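Each of the next two complexes has subunit A plus one more chain, namely subunit B in the first and subunit C in the second.
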Partner chain A sequence: MANTWGYGAMTNSLGDIQNAKAIIIFGANPAVNHPVGFQHFLKAKERNNAKIIVIDPVFTKTAAKADHYCQVRPGTDIPFMYGMLHLIFKNGWHDEKFISDRVYGMEDVMEEAKKWNPKKVEDVTGVPADQLIQVTTLYARSTPGTLIWAMGLTQHSNGSSNTRLAPILQLALGNMGVEGGGTNILRGHDNVQGATDMACLSDTLPGYYGLSDGAWQYFASSWGVDYEWLSGRFKSKEWMGKKGFTLARWWAGVLDGKDGNDQIHNAGTNLKNLFVMGNGITSIAQQAKVKEGLDNLDMIVLCDPFVNEAAILTDKQDDVFILPAATQFETSGSVTATNRSVQWRNKVVEPMYESKTDHDIMFELAKRLGFYDEYTAGMKIKENKQDYTWPEDATDEIARIIKTIGLTGWTAKRIKSHNENWHMFDQISGRGYGKMKGEYYGLPWPAWTETHGGSPLLYNINRSVAEGGMGFRNRFGLEHDGQDLLAGAGSAPKGSVQKDGYPEITAVNIEEVLGIKLTADEKKRIGKNWKVDTSNIIAEKCMEQGIAPYGNAKARAKVWTFPDQIPMHREPLHSPRSDLAKEYPSFDDKENHFRVDTKYISKQTEQDWSKDFPINLVTGRLVNMNGAGMENRASKYLAALTPEMFCSINPDLAGKYGIRDGSMMWIHSPEGTKIKVKAKYSHSVPEDRIFMPFHFAGHFQGEDLSHKYPKGTKPYAIGESANTVTNYGYDIVTQIPETKGGLCRIEFA
Partner chain B sequence: MSDIGNARLKFYCDEHRCISCDGCSVACAEAHELPANINRRKVVTMNEGIFGLEYSLSIACMHCTDAPCEQVCPTDCFYIREDGIVLHDKDKCIGCAYCLYACPFGAPQFPQDGAFSIKGVMDKCTMCAGGPEETNSDKERELYGQNRIAEGKVPVCAAMCSTKALLVGDSAEISDIYRERVLSIGHGAKTQPYGWSTAYGSKI
Partner chain C sequence: MLANTYERLKTQIGRRSFMKMAAVATAAGATNAFANDGVTRAATQEEVKNPFPGSTSVKTICTACSVGCGIIAEVQNGVWVRQEVAQDHPISLGGHCCKGADMIDMVRSEVRLKHPMVKEAGKWKRLSWDDALDRIATKLKASHETAGPDSAMFLGSAKMSTEQAYYFRKFAAMYGTNNIDHQARI
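Let's look at the complex of A and B:
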């Protein structure tokens, strides 16, 4: 996403889906994971006659509401999308003008698409050729069409190729930057977009500034701390710029290459302590490895409103600390929704019993580790305060520093005013009226200045920049292979002084691009470029001239820094089709991938996995639970809906193994792990695959861990974690685990 | 606006919208603090996993006008309010389950832990209107759960419904809502009635 057009976020909004004429959903189940948001899909169907097309290995609740359902084999989204592109280009359904003005590198995609005729797609994906032709015809002709995805598209060893080809499909049809179009990625939990924006990531500073020295310098001065002090916190300066471990593979950092585990590159030492704040690490792939990692730590600290079941999973007896964290009802602050909009959340009650809010826990920790003053300095800078007010000053600090995604407009005062006046906004377009006129609800980022009303629909050139319009971001240079990367003639946002493409705005080019003259004072105060201009001069001047500060460039279909420049099909590491695994092999093994050596081709070719493990394994969510499920399973009424861990299995498959509906079954993984779960007959899965929810914990490889719960904390429902048997495999760019396309073997228990 | 004096309160579940999220049934159980095996409201899914055939509906007491439960009750514990809500008196109920025989929807529920436990004898959906006890008294809450109707609130199941499949209220108003849904088919997203074209131009 970010590598295609500048930002990695939902481009439109849930409400805007009502404007779509067709909705295509890849690997997402919004009826279960976004039940309230799903009403917009249903309204699109109701009011707009929008056709819903669902592409999913499992027949979901979303598929039950679809007009067309394509049951693809796990890990074959790329062949399916190329199959669509094949037909689109062949029949001339693509938007030529849009492509020539606003997209770079589509020729290579057209070339690759030629190879994927419907017959071949049928062989690889399992979707009948006729059906592919039918849904492609429907989708290509019903514009605008919106494309939805979630974890079913990303959690693959080539997930980062999947998430590039989906945007390319939308670009080819000219479905970008229009109402009812866009790529609408559904974030799975409350405030995931906000957490990502604030860098709950190991490869960047907040706001996607990266880890370059310049970025560190910018943050040091913006936080009001000494750069030398900051770099002194690292083993040596070079480690400031290195990516850290990820959530998917932190345990490899503990195990340090011992006993055949993957080698790490961590300055000659392994990880010794783990501090977890509100993260269900019992729903991460390869639970046996997570357990091994936990067991080998010196210290574990778990902060959660409920007992984090990592404490139950580990055999570690000493130095495991469980800190009671307050819930969201016991604190206040801003949260960012899936469509990049922000809301203020008010405190309902004071933290109960001995629980503390997350920020208090972090402040206390910073005090004891001796950097509390530096930690809080950034909140006091703006008005040179002696002390800060939480959380308003933190919110204003974010607004002051984060220019890259345009958070300048997100001052605490403005965010609160939106909540207080939320009856003054249209529910579909987000437009405010009355005293909120000129603003969009929640100021969807980028909100370039302190008065900008937000941008509900990314890359829309039919609106002026002041009204939320913009072209694609100029993020990948001015030219590549001798071709201009700036947008074509006439494709600038409405009301702009520049009618064509233009570069991102810097102190050097601002006068030329905007056609203005800066005063001597402005020249003195202006920052180097729009990303670090805390004076806001660049953004303010840009608004006056109708210019997007980040430039107006082409989206790129080709990412020359990735292993595959255009997305290519590669079979999952554990593929049921060994013939296709030879034809479409995985990547070369990757050394030092987020500090861990990661296997691809060597794992795929280690043996013919499909022989011993003939069944595809897919995991997903249930409507009554989220994440690791601890708080849901501790709720009597939610637990009652699914009181036991289960595996959905087709009766024809179950029958072959003598497994009856409701009887117990073993599931074995290629990693040598196993789980014992209850079989649930279901026609939602065909005979070659099974489905399991990933919200359970408290059993491990057949053993009941009930005795390990601290008194009074055992939830109503416990069970095996599906992730004990999810397979090895991580994305080549992001390292997200390959949980949506593994293999397993089953037997009657 | 319907004539409040003649209102008949009804439930309606739009099968095109129900996604079987169970928000209604969980909200009901939570609001009325029901014992684990009492399902005043249940979501039923038919033909699960089969394309084109799967559909779901949320079912509870339908508050029949000519309620069979009321007719068969040997202790005459049922009474029908003027607004059409069917309620019963747990002090008169003997838990015989004749009403369960009569009910076309399987609405009456019987606690497994006996007549003298929480919610005792027969229990069913009250449309969040409590029972014959003094309104919003402790005893009413204990036996029948919340009385939201008395507070002017919508029953909790419909209030919680994530896709607004489950509608409740005066039957005339419900049919108005459903009629609007049907008539709006194919007419595009609901446009803002507050004069956007004037403020922002019709193109955007």
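Let's look at the complex of A and C:
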């Protein structure tokens, strides 16, 4: 999404879904994963007569609330969406003016869409042609329509194409930048958005600044440390600019290409120490490989309120440290919800037992590693303090530095005032009343200045920038292939001095674009461009003139730096349709993908996987659990709801293998791994696929690991991890694992 | 839980052990075992209205998912005693799912980690924070010097506060590696 229009985040909000006339949900299950957020969907249905369309391989609890449910084969979202686009363009339901003013490269999409007629879509996706026509007609004619997705779109080897085609569908219909429209990704954990914004990521610094030398220089100076000192901490400046290993494949970094494992490129070393803080790594794909990685480390450090089951999975005998971390109710700080809005989470109680907060653990280690002063210097800069107050000074440090996503307005004081006054905001628009007037709840980013009220609805040109309006971001240059990338005539946000498209604002072009004259003092203080302007002069002046600091450009349907410039269908690496895998092959293998060589076509063509592994495997969540389930299984009440790991299986499929309801079954993966789970008859899955929750750990390939838990730490429910049998396969751009659409073989146990 | 029972017990036993006893009492209470033996009595109206005298309410946010529901946590003598939905929260509107309603139980779970531990020769051993941190830092420092900073992998969390996540990223940077990631990658 960031590659389409500038930011990769939910564009509208949960409350705004109540404005929709049609809601299409692709590979997301909010009724289970975001139950309280789902009330806004149901209100749209009840009050606005909105139609809900669910596209999912499994008949979920969300599907049970839908007006239309399309049971798509895993990994065929792109053909389905092209099928919709085919009908939209053919019938002229697209928004021509919107496309010509605000979108680049739609012609190529139109060409590709021609190939995907309803009959062909039916063959590939399994969704009847009539149904495709019915839901497309409904969706295209019920505007505004909102498009929801979650991991059902991302967890594929071509997930990054899925998450581009969904925005393209919305752009085609002109559903962007309007109330009740937008692309609304539902984040999983409570602070995925915040932790992503802060770049607990291997490919960027906080605020998506990237890893370029300029970005490091900006952060060194903003952190109050010497750039040479900082670069001296790395192996070399060269390695400062290289993406690191990811959560999906760090274990390959330990295994170092030995015994047929993928080759790595990691500054001449393999991984020796693993430091984990609040991350249930028993919920990542290929658990057998995770175990192998863990077993071969020199040291494992696991900081969590509960035992991290990585400690149970590994057979490593020494130097496995378990540190008791405080929960988020034993500290305070800010948290960013799925719609980019921030909330202050107040401390409820002091850390229990001997547990310590995450930041205290980091501070203590920084002291011992000799960089504590440099580490904490950034918190003291703003007011030239002797010491800092956690977390307020950290919040203000972030607000001072992160311009790219407009966090200037997120000062601790303002965020706290929203907590104190949360009753003063409208549930649909987020608008504040009374003394909160002029602000939106949680100051959804970008909040460009210290008084800006936030932007609840991205890319809305019907509001002024000061009131949260903006066009698409100018992020990909001014032109491509001779075509102008700036927005068309008359498509600037309301109240702007510029009526058309304009570039992102720099110290050089500010006077020209804004039509102003800077004083000599301002010229001296202004930063090079809006992203590094710590004086915030650019943003302040922009607000006065109605200009978005990041420019006003076209969204792009075509990403010329990606392997597929427009999204193309490619069969999953393990496809049940070997005929289609030949017609729509995967990508070429990718060398050095986040430091590890990654297989695509060679894995797909290694053998006809569908012969020995004829059943599709889909994983997902349960309402009483999330993530690796550590927290929830440590609660006796939640654990009691699903005390055992299970597999949903259609009785007709189970019958073929002699598997009875409630009996045990084996599931085998193409990687040679297996798990033993209880069969649960269910018609939520058809005969060609099975569904499993991914929240369990504590059993491994049929073995109960209870004896490996430290005394008094074993959760109330344990079981096989579904991820022991999820397949090899990683997204071509993001390296997100392909856990939604692998293959397996089953037998009675 | 009855206030007079609570008051009486509070003076006799520690708070934590009281919480455990309260759990037992609740379970037993369900069978009405105590109803006739003079241990319990009907609550007064005041006790029903205000079972935790002197408690304070903290407005905070659920840690389960990205919806960000409001929670009203009731705290008495430093113990989280009761959890209430936030009727006036603009997103959750008084709603709670089973995970959200369970936040109080998660924090007070008996299977929480209580002290640092290390596995040595296959056995779990308790150790002090200072010992644990010293030993971890020594190893990190040694690998930094011999194998280089890229020998470490830092896995952070979407369950941290934004400030902690930012400081986690800064930690990896100052250790000298880009081997850092979190759950957005799944």
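Simple rule for what comes next: the second predicted complex is superposed on the first by the 749 of 749 C-alpha atoms of A that agree within 3 Å, B and C clash if a C-alpha of one lies under 4 Å from a C-alpha of the other, contacts with A are read in each partner's own complex, and residues count from 1 in each chain.
Here is the rule we go by: a residue touches a chain if its C-beta (ideal position, glycine included) is under 8 Å from a C-beta of that chain, and two chains touch if they have at least 3 such contacts.
Worth saying up front: this structure is predicted, and the values here are computed from it rather than measured.
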item	value
Contact breadth on subunit A, by residue count: subunit C or subunit B	C
Which superposed partner A:737 touches (first subunit B, second subunit C, both, neither)	second
Contacts of A:355 with subunit B and subunit C, given as first, second, both or neither	second
Subunit B versus subunit C as contact partner of A:631, first or second or both or neither	second
Partner chain(s) touched by A:682 [first = subunit B, second = subunit C, both, neither]	first
Touching partner for A:276 - first (subunit B), second (subunit C), both, neither	second
Contacts of A:29 with subunit B and subunit C, given as first, second, both or neither	neither
Contacts of A:640 with subunit B and subunit C, given as first, second, both or neither	first
Subunit B versus subunit C as contact partner of A:623, first or second or both or neither	both
Touched partner set for A:184, first subunit B, second subunit C, both or neither	neither
Contact residues of subunit A, present in both the subunit B and the subunit C interface	35-36, 39, 426, 623-624, 636-638, 641
Residues of subunit A that touch subunit B when the two form their complex	18-19, 31-32, 35-36, 38-39, 42-49, 59, 61, 63-65, 69, 426, 428-429, 431, 433, 437, 462-463, 467, 623-624, 636-638, 640-641, 682-685
Subunit C residues within the subunit A interface of the complex	58-70, 73, 75, 78-80, 86, 88-93, 95-100, 102-103, 105-122, 124, 129, 132-141, 143-144, 147-171, 173-186
In the complex, subunit B residues that touch subunit A	16-17, 19-23, 25-26, 29-30, 36, 48-51, 54-56, 162-164, 181, 184-190, 192, 194, 196, 199-200, 203-204
